[in-house]
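Inspection log for the structure reproduced underneath, given as structure tokens.
Note that the chains are named A, B, C and D in the order they appear, and that numbering of residues resets to 1 at the start of each chain.
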Amino acid sequence: MPPDNDYTNKELMAAFVASEIADGEAVSVGASLPVCRAGILLAHLTHAPNLKVQISFTITNLRNVEVLPAFEFITDWRAGRWAEFLYNHDIGPDLYKRRRQAIFFIGGLQIDAYGNSNLIGIGSDFHHLKMRGPGGVGTASMGTNIGRYYLYTNAHNKQTLTERLDWRSCFGFGDGGADARTRLHLPGGGPRYCITPLCIFDFEETSKRMRLKSLHPGVTLEQVLDHTGFKPVVPDHVPTTPGPTPEQLRLLHERIDTDGVLRRP
Amino acid sequence: MPPDNDYTNKELMAAFVASEIADGEAVSVGASLPVCRAGILLAHLTHAPNLKVQISFTITNLRNVEVLPAFEFITDWRAGRWAEFLYNHDIGPDLYKRRRQAIFFIGGLQIDAYGNSNLIGIGSDFHHLKMRGPGGVGTASMGTNIGRYYLYTNAHNKQTLTERLDWRSCFGFGDGGADARTRLHLPGGGPRYCITPLCIFDFEETSKRMRLKSLHPGVTLEQVLDHTGFKPVVPDHVPTTPGPTPEQLRLLHERIDTDGVLRRP
Amino acid sequence: MTDGKRKDVIIGEDEAAGWIRDGMVISIGGFLNSSHPMPIIRAIIRNGIKNLTIVGAASAGLETDLLIGAGCAKTVIAPMISGESLAPIGPSFRYFAQRGAIEVVELDEHMYYQGLRAAAELMPSLPWRGGIGTDYAKINPRLKEFDDPVTGERLLAVAAINIDIALIHAAAADPFGNVQHIGTGFGDRAHHRAADRTIVTVDKVIANEEVRANPYRTSIAGVDAVVRAPYGSHPFASPGEYLEDAAHIREYVAAASARLKSGDNGPFDEYLQKYIVEPKNHAAYLTRIGFERILSLYEL
Amino acid sequence: MTDGKRKDVIIGEDEAAGWIRDGMVISIGGFLNSSHPMPIIRAIIRNGIKNLTIVGAASAGLETDLLIGAGCAKTVIAPMISGESLAPIGPSFRYFAQRGAIEVVELDEHMYYQGLRAAAELMPSLPWRGGIGTDYAKINPRLKEFDDPVTGERLLAVAAINIDIALIHAAAADPFGNVQHIGTGFGDRAHHRAADRTIVTVDKVIANEEVRANPYRTSIAGVDAVVRAPYGSHPFASPGEYLEDAAHIREYVAAASARLKSGDNGPFDEYLQKYIVEPKNHAAYLTRIGFERILSLYEL
């Protein structure tokens, strides 16, 4: 629920995403996560002019595109009109060394307290799942190898943010501990934050358990705890997630999200 | 030494190469083995119109090229003018399943009685070789995986055709035996013939030792044995390698070898 | 024997579909709502082919879901089956998987490509690190944990994914099997290399001279068969040629979702009857869709 | 901080050469007598860089031989070092290897590409079958025999070949590091992917708009540095731009062969002095070669 303000909660989340992206990094502009798409492009049009933007299986720079239409499907070739380079999807395994400066967003049917996630399904019998998920796509590999990634969910509830996954399709910090990843020789840094409609979580340094980092404006600690299926670490002081600046809102409205996807309820 | 005839020994060898190539196969037209190049193109212009010709890192069909100039270097991009497809050299490992219908020619500083070959060097101390070779290029991999290949040498002498290799860089039939390759799970069929300026060898079925298959016109059995460093299997009857037809010679002279490389002493 | 001429590889859709037999391993190219060889997919269903192992795209779309729904699949190998916003999870995939009626080979996108590469390389398996620490190896018997021979690090061996026939859709090919995609062709090359034979449906057949004028554009050389099929990816998009027919896809999703939600086969069977069983070929299918709809799928 | 503009990556040849330090692992792109980044190679020699591990091309040419001859190499990784008909085996490579003065990492072309891919994939090794039954694993400690975890078949694990800096020559690039080779670019992509940083010398810098007009032609996106160097592959060819300068290459081969045959360093040192030490940069080198020779290297 956005506060009495001139921006929506999704616009706030997009601004947070933008603040996380450094100039020169490589990012993928997908279709399924409009908030992440908007955040990436917001960074690109402000402090990250050298972003390496992957869009519809091309790599390019969108800095000079006046209005960036949002395509409903990742395969939409109309986004290929800006291409500087086309990549064949099957060379993905060979790009990780060059993706150390890349970041990625990973969702899940379930996400646990240590940042592991599940896209396989819900239910304890793999051959008779109660709810068959779409499949893990590239999350296991990206989560293993990429410099850092962000967990993202639109559903902050106890079913999604859960103490135990039914199936682990992407390794975050396993069963926890500062060496959870290095013990397994995983080259990537793992999840940095988990972004939800209510708050941002980071990971406590020694346990690697999720810790409340900031609450979105108007959200209370109790609300978060009531809707989270695990007990996050809660520091003494929890700041408020900062909202977008007027200039960021202008860019969102005029160039990035002209259809108002982030302004819909 | 070619007999009193209107073709050279190299033209005869090229005709033999041509006779080995079936329509629709994939072949590489390199620069370093002019006899093999000529044989491949001879097949292409006669009975193999659907050959898949690899030339200067392209794949194409050269059937309609009036005169096929011989380029001195494999990298010569002028041969790219006929390209239907360009392949990146680094995807080589991924092409073997599709290369089952491919054939290849492999040379060596040394070739032994079981069709193994050496491009590493001469001498027993690897760190102080008496003669450092160029390196094995792709022969170990091609020899392992490709449908069949041909050993080829311009130097029929005891140093080259030797009982023991100093170093084995390409596996033919190892230490011999009908199961020499299947025992090691090597998918390719191994060497089919060994082509020299004096004769053609095949491989005896159960021992996989080289066997005299045919003598080039004017060459005697004694000549071969005198110049071969191992004892090949010699059948009771050894036929003569057939020479090129007048039509084949015409194609060689007018379209394939207009510079007369195969007619030089 | 040969008549001395270069042979073209263009064949009809029925002949192409006839290559596919019960129990084979087939792959379907494209990605999500784009680039699927639909005339062949529909013919497979019409021909009543069963027990296929289907290697979907890295993100398979509803064409794979349709084959599952029509009962053609025994096993499915794909890191995801989805229609994006039109159906986040394939509804027939859900229905069959949840009942244990298909075998699902669960893997991640790059395990998948390592498996396809292993096949292309005539290797028994290739290793991959992604998936270490997850449940993949517990539920997929084609994955095996082992220690890297050089450093001892824990890795997964991914068994080769060998394909009998790869099915691909592309914008164009010449009569000799030189394919030119618009856009990248997604993972289609990996399917082709892992397959014994490849069939490509194309929106357009182009002259060999056109290929030679643009050889950099050739994405796959030497496929085994080319099937001319304008609008051959409908209801899915073909990059640069036409967009997806979202209304038709929604019609399919509604039919498949009815069975998922209530077990009612009726709507799904009606969909099959109307769009696959009755129209005996691609032209008949397009006739049923109609020019008005087809011409509305603006490419830009 | 940023001034809000997209940054170009064009740097000068001296700055580029300055990236390369004693003891690094560098790779050199191209193939045999084609496409080597010679201004950087010459600067490496001029700068007196030592103890390099040189990853040559799959078939490395005499540019690698030159670096060995000039004493810059400690280790060489290449499946072949040759100047084709001009020098079937690199003469400096022979001289140094036969005296045990360089470490030769002996491997086959596809072992080599598996090693480069392992690096690109952040993997410790990748397996390969080619070489089973040969002596490679006996003489190359980076190869290790093991049993495939799935089938038990005997394979070789090829340790990752990680590169600090990849050096490539191409026809063109835009100011932002989008490279467009004429021809295929050989194995240059594999070097780039296995490397922390990539420097490309180009015959021509082209506008970003030209790249966008032909994005299918872009072979490598986002290299770390572009060095403008017309005729930058001389004495080797640059596909579509100029042929190799066979006379110059023969001059090099004669100098290097003199040392191989008689141990006489004189001719080799003279070659270095004349073409590398005295001309302090690429323009000075071309001046020494002269316009007459350069213009004779007809591209067609």
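Here is the rule we use: a contact is a pair of C-beta atoms (placed from the backbone, for glycine too) under 8 Å apart; a residue touches a chain by one contact, two chains touch by 3 or more.
Treat the numbers as computed from the prediction; the structure is a model and nothing was measured.
Novice: Can you tell me the least number of steps between chain A and chain B, where a step is a move to a chain it touches?
Specialist: Steps on the shortest route: 2.
Novice: Could you state the distance in Å from the CA-based centre of chain A to that of chain D?
Specialist: Taking the average C-alpha coordinate of chain A and of chain D, the gap between them is 40 Å.
Novice: What is the distance in Å between the mean C-alpha positions of chain B and chain D?
Specialist: 29
Novice: Hunt down the residues of chain C that sit against at least two other chains at once, touch-wise.
Specialist: Those would be 121-122, 128-129, 151, 153, 216.
Novice: Multi-chain contacts in chain B: which residues touch at least two other chains?
Specialist: Where chain B meets two or more other chains at a single residue, that happens at 58, 80, 86-87, 93, 145, 187.
Novice: Of all possible chain pairs, which ones touch?
Specialist: All touching pairs, sorted by chain label, are A-C, A-D, B-C, B-D, C-D.
Novice: Give every residue of chain D touching chain A within the complex, in rising order.
Specialist: Against chain A, the touching part of chain D is residues 2, 4-7, 117, 119-122, 174, 176, 178, 192-196, 208, 211-212, 215-216, 218, 220-222.
Novice: Looking at the complex, which residues from chain B come into contact with chain D?
Specialist: Residue positions touching the partner: 31-32, 56-58, 72-78, 80, 86-90, 92-93, 116, 119-121, 126-145, 167-171, 174, 184-187.
Novice: If you look only at chain C, which of its residues touch chain A in the complex?
Specialist: Its residues touching chain A are 30-35, 58-59, 78-82, 84-85, 88-90, 93-94, 97-100, 104, 106-111, 113-114, 116, 128-136, 139, 151, 153-154, 182-187, 189-190, 237, 239-240, 243-244, 246, 300.
Novice: Which stretch or stretches of chain B touch chain C in the complex?
Specialist: Result: residues 23, 26, 47-50, 52, 58-61, 63, 80, 82-87, 93-98, 145, 187 of chain B touch chain C.
Novice: Taking the touch rule as given, give the residues of chain D at its contact with chain C in the complex, in rising order.
Specialist: Of all residues in chain D, those touching chain C are 121-129, 142, 144-146, 148-151, 153, 155, 157, 159, 216-217.
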